[in-house]
Structures are given as C-alpha cells and as structure tokens.
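One chain, chain A, appears in both complexes that follow, with chain B as partner in the first and chain C in the second.
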Partner chain A sequence: MKAIRNICLTLLYLFLLAPIIVVFIVSFDTRQYLAFPPESWSFGSYTKVFANEAFIAAFGRSVVIGLVVGLVAVAIGMLLSMALVRYKFRGRDTIGFLVLAPFLVPSIVLAVGLMLVLSPMGLLDSYAGIMLAHLGITVPYTVRTITMSLMAVDRRIEEAAMVHGASPFTVFRRITLPLVSPGLIAGGVIAFLISFDEATISLFIVSIRTSTLPTEIYRYLEYSTDPQIAALSVVLILISVAVVVLVERLIGLRKAI
Partner chain B sequence: MTERHVSVENLVKTYPGAAKPSVDDVSFSLPRGEMLALLGPSGCGKTTILRMIAGLVEPSSGAIRLNGREVSGIPVHKRNMGMVFQAYALFPHMTVAENIAFGLEMRGIAKADRAAKVARALDLVKLTGLGDRRTTQLSGGQQQRCAIARSLVIEPELLLLDEPLSNLDAKLRDEMRDEIREIQGRTGVTAIFVTHDQDEALSMADRLAVMSAGRLEQIGTPRQIFDRPETEFVASFIGAGNFLNGRVTGAGEAAVDGFGTLRFVGDAAVGQDVRLMVRPHRLVMGGAANSFTGTVEHIVYRGQILTMTVRSGQTRLQADLHTHAGALPEKGQTVTLGVAPEDVTFIGRAA
Partner chain C sequence: MRDRGLILALLIPGLLAMLATFILPMAWLLRASFSTSTMMQVGFTLEHYRAALADPFYWKVALNTLTLGLTVSAFAVILGYPIALFLARTTSRWRGVLTALAVAPLLTSAVVRTYGWMVILGDRGVINGTLQSLSIIDTPLRLSNNSFGATVALVEILMPYAILAMLAGFGRLSTQLEEAAAMLGANPLRVFWRIVLPLSLPGVLTGALLVFVLAISSFVTPRLMGGGRVFVLGTEVFSEATVTLNWSLAAALSVMLLVLFSSVIVIYQRALRRLEA
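Presenting the complex of A and B:
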C-alpha cells in the first residue's frame, strides 16, 4: 500500500513540476526555436541572456520596483492592520473589505481600471505609476500576513511594557514591531515576489522607460521564441526559490502565513 | 501607619453600553508598606480597579491618589508602578535579564547600573544565573519570579498583582504565596493584589477588601473579615457558615430555634429580628454557654475532621469536629453541640 501511495505522490509532483522540468531541459538546447526534447546541449542560451542588455536593464528595474513596493506595502499594511485589529471605528468592516477587494477582481479588470485612472494623471510608463499599481495588488497580502501576526500578539505584553515605563511609541517600536516581524517579513517577501513577476497589469501601464522583466519577456516572445526565454525563466525560478528558502531559513515562512 | 500612601476615592467605572457599573463607588486607602488583597468572585470588578490604578482603564468618576496626589492626568508609563500579570506577560523576544532591565532602560538608567540592579533582582527572586535564558525556557514558577523581578527592579511606588498565583499548580502556589509575601516584606513595597482565592487572600494580605458586584462589601484584617463579617455575602464567601434567624431578647441574647437562647457579641435592640452566623468548625461537642441538642442526620468521616449535620426541628447545623481515636457520634444519635458567644457572629438585621 505504501509503495502505491509513494508512486501516486511521485506522479502528482511530476505532473505539477512538468512545465518547469521541460523549461529547464529546453533552456540547454542549442537550436534557435523552442522544441522538446533538445538535440544538443550547451550553456549558450544562458550566456546570451546575461549579455542581453534589455533583459539586464529590465531586471534591475524590476528589482528596484519590487523592493520599493515590498517596503511600502509592508508599511501601509502595518498601519492598516493596526487600525483594523486594534481600533473599533465606523466603517471598519468596509475598509477591511476594500483592502481585500483586489483579491476578488480579475487582474485584467484591475489592469484596465488602473490604466484609465493613471493615464489622466500622467503616470503611465512611470515608476510612480507602476509602483502604485503594484501596491494595489500587494497591500492585501501584507495586510493579511501582518493582521494574522498582530492578532496573535497578547495585549497584556504591550500593557506590561506600558506599565513599566514605555511610551506608546516605544511600546510599538520595542514590543509590537518585533513581535509581528514574521508577518512583516512574510508580507514583504510575498509583495516583492508578486511585484517582481507581475505581468498582466504591468503590460497595460509600462512601455519603454519602465518596462519590467516580465513585460520585457513578453515583448521578446512577440518576435522570437528561442531557448533564451527558457534560460531566463530558469534564472527567475531560481531567484524566487532562493528568496523563499532564505526566508524560510530565517523565520519560517510557513509559520508567518 | 496613618500616612495614606495610596487612596482610592469613590471610584466608579461604567463600561459603555453596560447597564450597571462594573465598579460602583469604591473607596479605600493603604498606608506605606501594606499589602492589600482585593477579593471577590470573578466579574466583581476587582481587576478593573487594579487596571484603573495602573492607568490601563480610565475611571468614569472618582479619584486615585498616590502620596496625596491625584494620578488621573498621569499617563500609564509615567505612573511608576510595577504590575505582575496573570499570565505573566513577559516579553517573549527578550531574555530574562532583558525583561527585567526593560523598566530601567525606559528610565534612562546607565547600562552598568542596570546590570547591577538586574543581578540583584535576579538574586531577590532566586533566578541567579538564569539571566541569559529565553523566557520561553523557564518553568511556570520561574516565569512568575521573572515577572516579579521585572516589576520590583524599578522600585515602583506601588506593586500591582493580578491573580499572580492562578496559573501555577497547587504545590508551587503555596511556595510562591510565601515567597511573594516574603519579598514584599523585605522590599517594603506597598502592594495590591487581586484574587478570587480566599486562602490566598487570608494568608498573604495585611488587609482584605471583599468585593461583590462592583461594590466594596467590607475591608479589614484577615481576622476581622473571617470572625466579624459585616455582611452575609462576606460571611458566606469567606469560609463556611451556619446562618440563623433570631429575635433579640436582651443584651447579646437572641431567641433562636433549636438553641433556645443564643448568646452573641454585637449590638442589637431588643425585639429586633437578627441574622447570626456560626462557623461549623467553631462548634464543639457538649453544651457550653450556648447549647444545641439534636439528631445526627448526616455524617462524613474525613480523617482529620468529622463533618456532620445535626437537626432539631426545622433548624440544621453543620459542624466540623476534630476527630480522635475514641468514640465518635454516629448517625441517628442525639448529640449536644456548644459554641462560645464570641464565636457567634452578628451579621445584621434579618431581611
């Protein structure tokens, strides 16, 4: 019975990982079009990817945008979570719903909406525009992770700090913030990863100046389909895995979500 | 001892939306160095009083004074109080020493002085050498000690303890009870602690304030509370009691069914209907100034004591007698019980 179970599990994982495995194999092909299986092998595609200035520049922009979005989403998420968890006020439920609403709306609808809003403000193809758009879709995640962490913090611990001489701001800095740090880190990482590989919304908002890596890949695919794309995909997958593993090692991502 | 270190005056707290106040017109005061227990069933408002004194809850009306000075305008973090929470509320991301040093750090005390004071506090609560531990690595009793050290190291005006022993198992509770009392005596800190456990209150406190439904029922020394309860609530909440109705027939004498004449200590006018109380363990075999003869209706042998119910007419008395190896009363037997007049408590007019 155990053998059958193990075989089933192996098949399931193979099915889930098949696309990634195929991409991984194809990335070493030497032909100038995408086909499976490869006829001959080399690292040529990787060399080309790292020599492609458009990719490198877009990668840099994506990292910068992702980092800023991650940090700002965490800051906004922290403030919103404090308000939603700690204070009772009129319209709290409405705000709670609005914060999570982007979860429910299809990306393409959000993309069109964002384009229509950002266009008259002159923010299309600007860093501010793309960051605002990415904040809209990442803040729900940071609010979620930080809210969970914050609800787990025992109010008595904060009260103890207060009674023993800590001002409200000091309580926040020395007690609350460290105690919710798993939620902050998890939220920040998720926000970074979402921003880093978000394509649908970015396609509507950026063009030449602020094109991100995913939009650059999309544009590249319009003209050519060669193993460079596969090689680039493998690099992106490795980066994501590295980030997740690092965070898991540091704080235990699973605990934070 | 007449100096009022802490006083609470006409304190009221009504939570928004509540029909009745949680704390209803409570006043008491403590001299420096006293340990007061706020005792009452859960929901009687005792914790709310403690939290108002700490500044964590704002009173609806009334005053709290420290050294004669009203504290309501002073924010929580400037009141200079120590507080031990029920679940300790230690800072989980800090070591034991960091927890204890926290209050000192907030007061801007230099690092070297801090270390010396923390070391002394660790000694005081017998946690010497455990300063580098994580608080999560401590046992319940050690966490409790750490919480006490954290509160005492700042040399607070007032030490507040919220059900400090309720999270400990029975054996540790007895140990910590003596220890808290000992530490309080040694440091001379004025302390208020909240509890629902009468043993804890009687054995730890200099004075007890018994509360019920937001009101202060009685305040006094353990002996006053136990032997001279002023209300039926106090008499029944603390210890067991046989409650009797009678009519006053003379000075310190009342006609009570079963006793005939029951002599008691207390002032009541002749002809008045009164409520009297006799503790089961103050009854003895054989007649005395007051004697009650009846049939043993129910009897339980419990080793050290013998609990029995004796009935005469409509009156039942519960008696807890010390056992001995000789003959003991048996069920159905007719016995005579006696009680000294000073052990008959006059509670008040009968309802």
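Presenting the complex of A and C:
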C-alpha cells in the first residue's frame, strides 16, 4: 500500500518537474536542432547564448526593469500597508479590496487595458510603460507580504521606545522598519521575480526597443526550438532557484506565494 | 487631525499606482469595446460585440476556451490532489523540501516551461524520439501543435497553483475523525470517500477555480504548444491586439472573457455555499 503510494507520488512529481529536467538534458546537446536523446554532450549551446547579443541585451533590460519594479513596489507596498494596518479611516475596506483586485482579473484582460492606457501617452515599448505595467501586478503581492509582517510586529516594543522619548520617525526607522524587513525583502524578491518572468502583459506592451527576456524567448520560439533556448532556460531556472532558496531562508516559501 | 495628513501621504502613491495600472485600464477597456474606431476611443457602437457574437468562429473560440479551462482544471486538481494531501499529512523531515519542489515550478517563467513541453511532446522530442529509437513507432505521434499538447502543458504549468490552494484548504482535515471512522470499522476506501473527500472539497473547488481562471486567460502556452492551430479567447485577443490591430475587437473579446470568468465565479460561490450548508 505504502509502496504504491510512493510510486504514484514520485510519478506525479516527475510530471511536475519533467519540463525542467528535459530542458536541462537538451541544453547539453551538441546538435543545432531540437532532438532527443542527445547524441553527444557539450557546452556549445551555453557559449552561443552568452554570445547572442539580443539575449544579453534583453537579459540586462529584464534585470533593470525587475530591480526598479521591485524597489518601487516595496516602497508603495510599505506605505499602503502602514496606512491599512495602523490606521482606521473611511474607505479603508474599499482600498484594501482594490489593492488585491488585480488578483481577480485575468492578466490578459488587464494587459489589453494597460495597452489602451499606455498607447495614447506614447508609453508603449518604453521603460516607463513596462515598469508601470509590472508595478500594477506586483504591488498586490508586496502589500500582502508586508501587511503580514507588519501585523506580526509587537506594538508594545514601539510604545516602549516612544515612552523613552523616541520621535515617531525614529521609532519607525529604528524599530518598525528592522522588524518588517524580512517582509520587505521577500516582497521585493517576489516582485522582481514576477517582473523578470512575466510574459503575458509584457508581450502587449513591449516590441523591439524594450523587449524583456521572456518576450524575446517567446518570439524566438515562434520560429525555432533549438537547444540554445534550453541553455538560456537553464540559466533562468538557476536564477529562480537561487531566489527561491533566498526566500525560503527569509520567510518560508509557502507564505510568500 | 495630524493623522489625516499622514494617512493621505501614505495612501497617495499607492492610489495613484492603482489608478494608472488597474482602474484606468479597466475603464478604457470597457470604453474601447464600444468605440467606433478600431484603435481610438471615440463614438459609441455595439458593432464589435455584434461582430463577435454573429461570427460562428468566435462561438467556436469561446467553446474551445471553456473546454480547455474545464479539462485543464479537472486534471490539475486530480493530479495535484494526492500531492497536496500527502504534503498536508506528512511529518517527514523532507516536508519543506517536497513542498518547495511542488511549488518551485511557479517561479520559473511559463515560457520556459512551455519550451520544456515542446521538447517533450515535439515530433523529434523526448517521447517520439524514444519510441522511434526503440522502433515502436515509424512516424511521430502528433502530440504537439494541437490542443492535446496545449492541454498537457497547461495542466503541468498550472498544477502548482492547484496544489497550493488545496494545501491551504486542507487545514481543516482532522486525522482524529478518520481514526474514529476506522475504529468503528470503516475500511480505508470508505474513510476516504465518506470523510476525507467531503472535508477537502472546498479546497479542491478553490484550486479548480484558480486553475480555470488562469487557463482561460492563457495565451502563451496555447499559442506555442498549439502551433497556431489552437484558437482560444487568449490567442484571439492577442492577435487582434498585436497583429490585426483591431483594439476595439480585442477589448470586446476581453470583456466577453471577463463575463465568462464572472459567471464561473458565481457558480463557484453557489457550489461553495451548498457545500458549507
């Protein structure tokens, strides 16, 4: 009974991880075209990816966009969470709902709307446009993680500091901020990762000038499926794994997603 | 009163961001779907909805979308259920690692995992390549560039969401109830059927809903795995928006997607209320 259960679970895990495993194997194939199983093994695809200027440029853009989006999303998320957790005011529930509303709308629908808004402002295929679009889908995540860590802060510590003569700003900077910093970091990392991996909305917003790595891969895959993409995928997966390990260390993966 | 200024200062950046990235886009979307121009928001007409509803092609597309959404969510939930149940129950010290492994695919781009499925299901891919080198088949099985490939890939890509949702919903499962049932003479199958499954149904429903939503709005995977032969609302919205440049029709199709989505939410809430009652 237990053996059967374990076999079933292993098979299900195998299904779940199959594309990642397969991409890893194919990335070492020497041939120019997609085929399986590999005949001989080499790092040829990796050398080609690192020499591909379009991929390198798109990778750079994705990192920059992801970093800016992560930082801004954390800043906005921190301010919103402070207001939502610490103060009672009219319209708080409405704002609390609105913040999470993007979760409830299919991303392709949001993508069309964003495209329609950004186009008359001349922001299609611009850094400002794509960053704004990514901000919209990442702020809900940062608000959620930061709100959770803010609610866990023991108010008595802040009060103690206040009693001993610290100004509200000092209390925030020296007590509150350090206590919620795991939430800030986790929120920022998730925001970066979402922006870095996002393809759906990006494909509506960017074309040539600001194409991100996922959109570049998508366009490449429409014409060719050669092992170069496998090598590039492995690099991306390794980056994600590094980030996942980081998040797991900081707050635990289940809470973050 | 000092608080009021502070609250406003805290809220303004977030409110501005919400306005620009959510409220305005949704309003513009609705506006554009009634526009008389294809790329600008002017005038008022129901022409795009009429065109979409009068064209049998779009009815077929809507039906394809619904079929894809239902198939994918059913399989994602059925295949994810044993993993979620195992993760909720196990006391193994590998629990953390196994949870991370089940959820980690979420953190790799859907484009990358779609490529993985192109490698597995392609004409010279893992399955066809292996079967051919073993001389089991002569011509490759048609596993990709059709809706089968798109469905398989979407099931795997969306399964982690189903697992997470079910895992969160399995909190109320109590092993004591099962032990009690077993002690009173119920066999394991009966315990599962009469106790575990009914108690876990709300989590299952939430997982199914989440996967359904993501499946009906997907276009990257259906487009790449379907090789241009799978037509769902997502792929049609994308091609109207970026190839045909009929933005108003893209907007109208998006609104129809939202309607499809909302009606499923209503059905879901009814079902959930009936389960709780």
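Just so it is clear, the second predicted complex is superposed on the first by the 236 of 257 C-alpha atoms of A that agree within 3 Å, B and C clash if a C-alpha of one lies under 4 Å from a C-alpha of the other, contacts with A are read in each partner's own complex, and residues count from 1 in each chain.
By our rule, a contact is a pair of C-beta atoms (placed from the backbone, for glycine too) under 8 Å apart; a residue touches a chain by one contact, two chains touch by 3 or more.
Computed from a prediction, not measured in an experiment: that's the story for all the values here.
Undergrad: With the two complexes overlaid on their shared chain, look at chain A and say whether chain B and chain C clash or fit.
TA: Aligned through their shared chain, the two binders fit side by side on chain A.
Undergrad: Given the touch rule stated above, what does A:197 touch, chain B (first), chain C (second), both, or neither?
TA: The second partner, chain C, only.
Undergrad: Look at A:160 in the shared chain and tell me whether it touches chain B only, chain C only, both, or neither; answer first, second, both or neither.
TA: Touch partner of A:160: chain B, not chain C.
Undergrad: Go through the superposed model and pick first if A:136 touches only chain B, second if only chain C, both, or neither.
TA: In the superposed model, A:136 contacts chain C only, not chain B.
Undergrad: Between chain B and chain C, point out the one touching more chain A residues.
TA: C
Undergrad: Applying the touch criterion given at the start, work out whether A:2 contacts chain B, chain C, both or neither, answering first, second, both or neither.
TA: Once the two structures are laid over each other on A, A:2 reaches no partner at all.
Undergrad: With the two complexes superposed on chain A, say which partner A:89 touches: chain B (first), chain C (second), both, or neither.
TA: second
Undergrad: Which angle, in steps of 10°, is spanned at chain A by chain B and chain C when each chain is reduced to its C-alpha centre?
TA: Once the structures are overlaid on A, chain A sees chain B and chain C at 100 degrees.
Undergrad: Is A:249 in contact with chain B, with chain C, with both, or with neither (first, second, both, neither)?
TA: A:249 contacts neither chain B nor chain C.
Undergrad: In the superposition described above, what is the shortest C-alpha distance between chain B and chain C in Å? Please give a whole number.
TA: Across the overlay, chain B reaches chain C at a minimum of 12 Å between C-alpha atoms.
Undergrad: Going by the contact definition given at the top, which residues of chain A touch chain B in one complex and chain C in the other?
TA: Overlap of chain B and chain C footprints on chain A: empty.
Undergrad: In their shared complex, at which residues does chain B touch chain A?
TA: My answer: residues 54-56, 75-83, 85-87, 89-93, 102-103, 106-107, 150-151, 154, 160.
Undergrad: Can you tell me which positions in chain A touch chain C when the two form their complex?
TA: Going by the criterion above, the answer is residues 5, 8-9, 12-13, 15-20, 22-23, 26, 33-37, 75-77, 79-80, 82-83, 87, 89, 95, 98-99, 101-102, 105-110, 112-117, 119, 132-133, 135-137, 139, 143, 193, 196-200, 203-204, 214, 217-218, 221-222, 225, 229-230, 233, 236-237, 240-241, 243-244, 248, 253-254, 257.
Undergrad: Which stretch or stretches of chain C touch chain A in the complex?
TA: Counting only chain C, the residues touching chain A are 3-4, 6-7, 9-11, 13-15, 17-18, 20-29, 32, 39, 41, 79-80, 82-83, 86, 96, 98-120, 122, 124-126, 128-130, 133, 153, 156, 159-160, 164, 167, 213-214, 216-220, 224, 234, 237-238, 241-242, 247, 250-251, 254-255, 257-258, 261.
Undergrad: Within their complex, state which residues of chain A touch chain B.
TA: Those residues of chain A that touch chain B are 154, 156-157, 159-168, 170, 174-175, 178-179.
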